[in-house]
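Right after this note come the structures.
Shared between the two complexes below is subunit A, which pairs with subunit B and subunit C, respectively.
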Partner chain A sequence: MRPPESRRPTGQHGKGWQRLGEYAGPLSCAVGLVIVIGCYALRQPLILSPFGLTSLANVSVALALAAVGQSIVLLAAGLDLSIGGQITLINCVAATTMGNSGFSIAAVVVVSLLIGLGTGFVNGVVIAYGRVEPLIATFCTAFIFTGMALIILPRPGGSIPDGFAFALTESWGPLPFSLILLAGAVLVVWVPVFGSPLGRYIVAVGDDAESARVSGLPVRRIELASYMLAGLFAAVAALFLAAETTSGDPSIGEIYTLNSLAAAVLGGVSLSGGRGTVIGPILGSFVLAIIMNALGVFDVSAFWQDFIEGLILMVVLGLGGLRLLAAGNWLTLFHQ
Partner chain B sequence: MADSDMPALAAVGLTKRFGGVMALQDVDLALQRGEVHALIGANGAGKSTLVKLLAGIVYPDAGEIRIAGRPAAIANPRSARNAGIATVHQELSLFPSLSVAENILIGQELRRGGFWVDARAGRRRAAVLLAGLGAEDIDPDAKLGELPLAQAQIVEIAKALSGDPGVLILDEPTSALSITEVERLLALVGRLRAKGTAIVFISHRLGEIERIADRVTILRSGKKVGEFAPNTFSRTRALALMLGESWQAGRVARPPATPAAVAAAAPVLRVQGLSLHRHFVDVDFDLRPGEVVGLAGLEGQGQKDVLFALFGLFRRGVEGRIEIAGRRIHPRRPRQSIDAGMAFIPDDRRSLGGFLGLSVSENIAITVLDQLRRGFLLSPAAETTLVTGLIQRLGIVCPNPAALLGSLSGGNQQKVVAAKWLARPMPVYVFCDPTRGVDAGARAGLFQVIRELVTAGSGVLFYSTDISEFPALCDRVLVFREGRISGTLAGQAVSEQNILDLSFREAQHAAA
Partner chain C sequence: MNIASIGAATSSPLARLSLAHRRVLFSYVILLAVYAACIAVNREFLSWSTLRLQLVQAAFIGIIAIGETFAILIGQIDLSVPWTITLSAILGSNLAVQYDAQWVAFAVVIGVGIAVGLLNTLGVFVLRVHSLIWTLSVNLLLQGVALIYTNAVAPTTRMPSVARFLALGNVGDLPVAFLVWAFCGALAIVALRTLPFGRYVYAIGNRQAAALLSGVRLGRMHAIVFIVSALGSAFVGLLLSGYSSQAYLGMGNDYAMPSVAAVVIGGTQLIGGQGGYVGSIAGALIVVLLQAMLITLNVSEGAREMVFGGLLLTLAFLFIRRSR
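Our next item is the complex of A and B:
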């Protein structure tokens, strides 16, 4: 584009409003969360007790972990439809091998995290080096991961030691351990990644891959890293689910693929890459997970639950597409 | 220093081919320290390819690049950067979601504790680099996507300078800048030169070249056709070299002179005060039945965007008046322009006009399916009659009408895309660079079709990136420069020389 000169003043809106606009996703999620919990409490006041809040946290944290992983991939303008498959696989491995000794628990945790990095590595290699579309690649690997889970554990089963389950799902006064786990994962993984150049490169690649290449960034390694980080978060989610259900289940991950996408978009992460926060997808996950939990608790029939869940997902993902309509030119719209 | 008279960078025998097109052929270039070396040439002369080779974006088929006398393997942008070559790209290599400081330091972040990005130090460094460019007014914390293009251009320059390069390539750095900003940039180039940086400077403004360049290399059709040593530059000789033989021969292949009847006829398309922010300003012209009007100019001066706007490809922001056959339209989607009587034959057959996976017949009939219906169903007989007729008329070479469009040659694909609009006569035809990637024979055939269309009473708008096509085809040519019509040529005045002249004419800078 070689346009004629334009002299439009830069800051027509105040800077504060611009900053606010960037946090529109997280902010609306925070408001939504208050409303959702408020409505829940009207029907079931016990939900505001320490026990109730812990149970709300516990139904949300797995999705929040998955959504944070998904967001890292989305920031790099990728997509991971195998998040659910990775969760299932790692959950089944953990539940069948954990045993009871402190040593075996620690070993299984480490191995689970390594498997997460490995599944992410497979996705990243196929996409970044094999040049397969993320949609197709992760759709396929999702089947592979789920298939492996079914080979290991054909039916729900396995066992998780009480100590491990307790450590992740109980609470310390009003503070649920599950939230500490989530905060820990963010502090240990997200904060260093996005405080170092890698995080900036992930955003840059998602913003404009061609500019990134021309700027000399190692684009493919950055994409690979984003999928491996998503795998790592999937592994943490899988371990948490194992603790929460004290067993393994070869269908446990299914719902996390689309829900993680919806939570990320709801939290303001752009589907076209380059824009997003960490708090947005976390709050988005809490809103979605609590709504879906409420549908079950308040005896909405299972058929309607699926219907409503699908509808919410479509509206949320549709909102992501709505942004594209802001494009001024049909051609950019088609090329998205 | 022993190697002080050795070129900072020397390119030897660089050759690059894209598909069947020889983009660059055996080009030598020697950049001296402390010298500004300008590259000039018309569209498609190979300037951009040369820049891409030096920046490591594409890899040469033959030839090598030497830095300080030693062969350098410039395999990708990173190795170019490591070798001390920084590039200010014409298509800015920036990230709209990142801040100005983050953009400037991308890939060379300042660190704290060997790991964390030191954002504060980064902001300070960015501010220093911007101040060096006289752009203290750009906030290092601003999101790049919110800056006007001229400021983004300056950020791109600051980004290139952040690595303290020994070789700086400036690919049309001034095209988005105002006069004062251009002055600042030229002063900066002067300072860098004094510091010993070797600079490649590409600009279409010959005035800037005259002021700043020590040495000038001229490219035409991928070859180096001349070089001016310091203080020997001559504008007329430069233009002559850019044009090649056609300058001397005054090559003319004029279409028949426009009959008086044409000039008197009511226009089929009337455009008044058409503007689109950042694309084009105040475009006025009429198109009469029986004439081919060319939209010429260097690439990206807004002429193509005018055609896009007429065809409703811009969803908003287009101001001004468009009338087709006397009826005013406000096209916001292609359907509206088509209904008003405009056909559009695009350059990009893949995304904009052809269905490569469908047959020739299906492609041609797609615009007239409603006329081919017998009752509810399509009539295969009517379709065959229509399609075979058009295949003959346009001389489309295909085994049979059922052949897939994707299996034909580029030129024949283009004819099929044109044929689909000939199936129903339209008052206005827009040909948007229709000969891109098309061989000479197919081009002649396409030109014949275009002349037939105007003979039959339509008006044709024609845009091409190949300047030699305008004299061969057009009755009138509007030459665009920086989003405005900088001049109109008619009849015998339509020549490559006159078009180039208007294309390179210094901007009036009415805005400044």
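Our next item is the complex of A and C:
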């Protein structure tokens, strides 16, 4: 039996260890990323050239944006299964309306971001004020968003002007514009939000909604804000995907629901709320996206891709649980 | 029920029911309302031939919903349904043709069910990964297995006749699939209400630590629940292969979330510990009737998805809100 003050496995170590424990997700993702890129480079050295790095960034940034949005909702102990649906809807809107003039591009970007806030608002209202379970609510809204996308664009098509595509997917020397977009989105949205009381409130609500309510926090408005922020990140991801594929596709967002959840969990964001960083899900997304991209380079047959993707997800998720097998007392597991 | 609510209960008969009973009652009220709406849209829903079709469809969702109800009651969820269905259907029909024996299809159902159930238990219970994300990953893995298998062996077009009988056959006026569902559903209700298994399920869902300290074998219970769930999906795979006379990639894609929706509309709480299978039966019928109604409306795929999502959301909002 452990002494009572060490109910959490990290409790028996000093404060430094505790802080390190909080960053276990991001740290292991960073190590994983180095290994993955290392293996990739051994097989295909060109990947370390500016062009190679840009392509690696380009395949990862959409997932990273989606995962950051997902993480905001997870931090508030919510869940967004409609991230993929939102990405699909905004991608289709952007691809059908963007036109070619500077003004129309700017207008469509603004409108897309507003749609993202709007879809997030719908989720937030239904969950925070309508009191519907996040799982079932966002499952339903995902149908609504995908349905709208199918009405706007029944089959892949639309067009994206070259200028817009270049602006998001090319690079400046070794620095890919897509990474600048990701950093910009984090600096403009995540950093101010989580530097402000709102960010601390989101974490407080996620940690224990009832305590937050008793402490006088406007829990419903905070939950609403978390879904709107997720919608905003989904909109940026959708615009980036539009630039990357230079078209719209009513099924483009499907994979982002599971993958954004997986990336967030890999990056150490807790599915039960209140714990997580921003760098974790970003690194997690890069690891996942680059592994999936690398399968092609390693002559893996397309038929094996899903199997290997699933296996990698399970192994990586399972590794996090292995240390729990060493727990001395079963009851410690329930305090996680 | 606490003392205050007993005092208040004398006023209306509805309030005398416990919250759990009221939720189940609500799900049947919704069922009646949805059925009335179906009739208003199309008189065909009054005919037995149309209803028979809906009962068969509801049997598919309902059989999956048995395991899903158990999983949700212990506070987990099983989203590995779609490719469990597909894998069992493709493997079952192919191997049954190859060995020229009907029982092979059942052996495949049992094999796939136990394997997937144990895999889910490994991640959710042993490694303590959140079931939502672990079962989705397992689903992806199974999709990979199905792809690799169909790449190596072309799917057969000859379905085992037992699958066709189970999915399309009739006993008197009743479809066999419906009778199978009724039998399995009755077993599920009896198991939850009268057997120790049911008490353990509710105990785990209410507080796992307390269940552990009371001597409930958590690992065994998780394994049973996930194996039952995977067996149900694998069995529905066999039924579906008989129903559509083919086994194809992606055939199970539309069965995971509708069965979760059926359980939730049936009044089972997603946090676990409250609810039961009686409501899930109504939930399965509701989901199937909604889908059928939208198909008869003859609108585009996009509009159909929108209306389905919107209607389900409205039902969830009206009847199964979280308290707080």
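Descriptive notes on the structure:
Operating definition for what follows: the second predicted complex is superposed on the first by the 296 of 336 C-alpha atoms of A that agree within 3 Å, B and C clash if a C-alpha of one lies under 4 Å from a C-alpha of the other, contacts with A are read in each partner's own complex, and residues count from 1 in each chain.
Please note the rule applied: a contact is a pair of C-beta atoms (placed from the backbone, for glycine too) under 8 Å apart; a residue touches a chain by one contact, two chains touch by 3 or more.
The shown structure was predicted, so the numbers you read here are calculated from the model rather than taken from an experiment.
By the touch criterion defined above, A:Asp208 lies against subunit B but remains apart from subunit C after alignment on the C-alpha atoms of chain A.
Residue contacts after overlaying the shared chain place A:Gly130 against subunit C, while subunit B stays out of touching range. In the superposed model, A:Phe51 makes contact with neither subunit B nor subunit C. Look at A:Trp330: by the touch rule set out above, it reaches both subunit B and subunit C. After overlaying the two complexes on the shared chain, residue contacts for A:Pro218 are found with subunit B alone; subunit C is out of touch. When the shared chain is aligned, subunit C comes close enough to touch A:Pro154, but subunit B does not.
The partner of subunit A that touches more of its residues, comparing subunit B with subunit C, is C. Legend: residue contacts after superposition of the two complexes on their common chain; A:Arg275 is shown touching subunit B, with no touch to subunit C. By the touch criterion stated above, A:Pro197 is placed in contact with subunit B alone, subunit C being left untouched.
Counting contacts as defined above, subunit A residues 330-331, 333-334 meet subunit B in one complex and subunit C in the other. Residues of subunit B that touch subunit A in their complex: 55-57, 76-78, 80-81, 87, 89-98, 102, 106-107, 109, 111, 115-117, 142-143, 146-151, 159, 172, 175-178, 277-281, 299-302, 308, 312-317, 333-334, 351-352, 482-484, 511-512. Put simply, subunit A touches subunit C in their complex at residues 79, 126, 130-133, 135-137, 139-144, 146-152, 154, 209, 250, 258, 261-262, 265, 271-272, 301, 303-311, 313-314, 317-318, 320-322, 324-325, 330-331, 333-334, 336.
Subunit A meets subunit B in the complex at residues 1-8, 10-11, 18, 192, 195-197, 200-201, 203-204, 206-208, 210-218, 274-275, 327-331, 333-335.
On the subunit C side of its complex with subunit A, the touching residues are 77, 122-123, 126-130, 132-134, 136-145, 147-148, 151, 208-209, 212-213, 257, 260-261, 264, 270, 300-310, 312-313, 316-317, 320-324.
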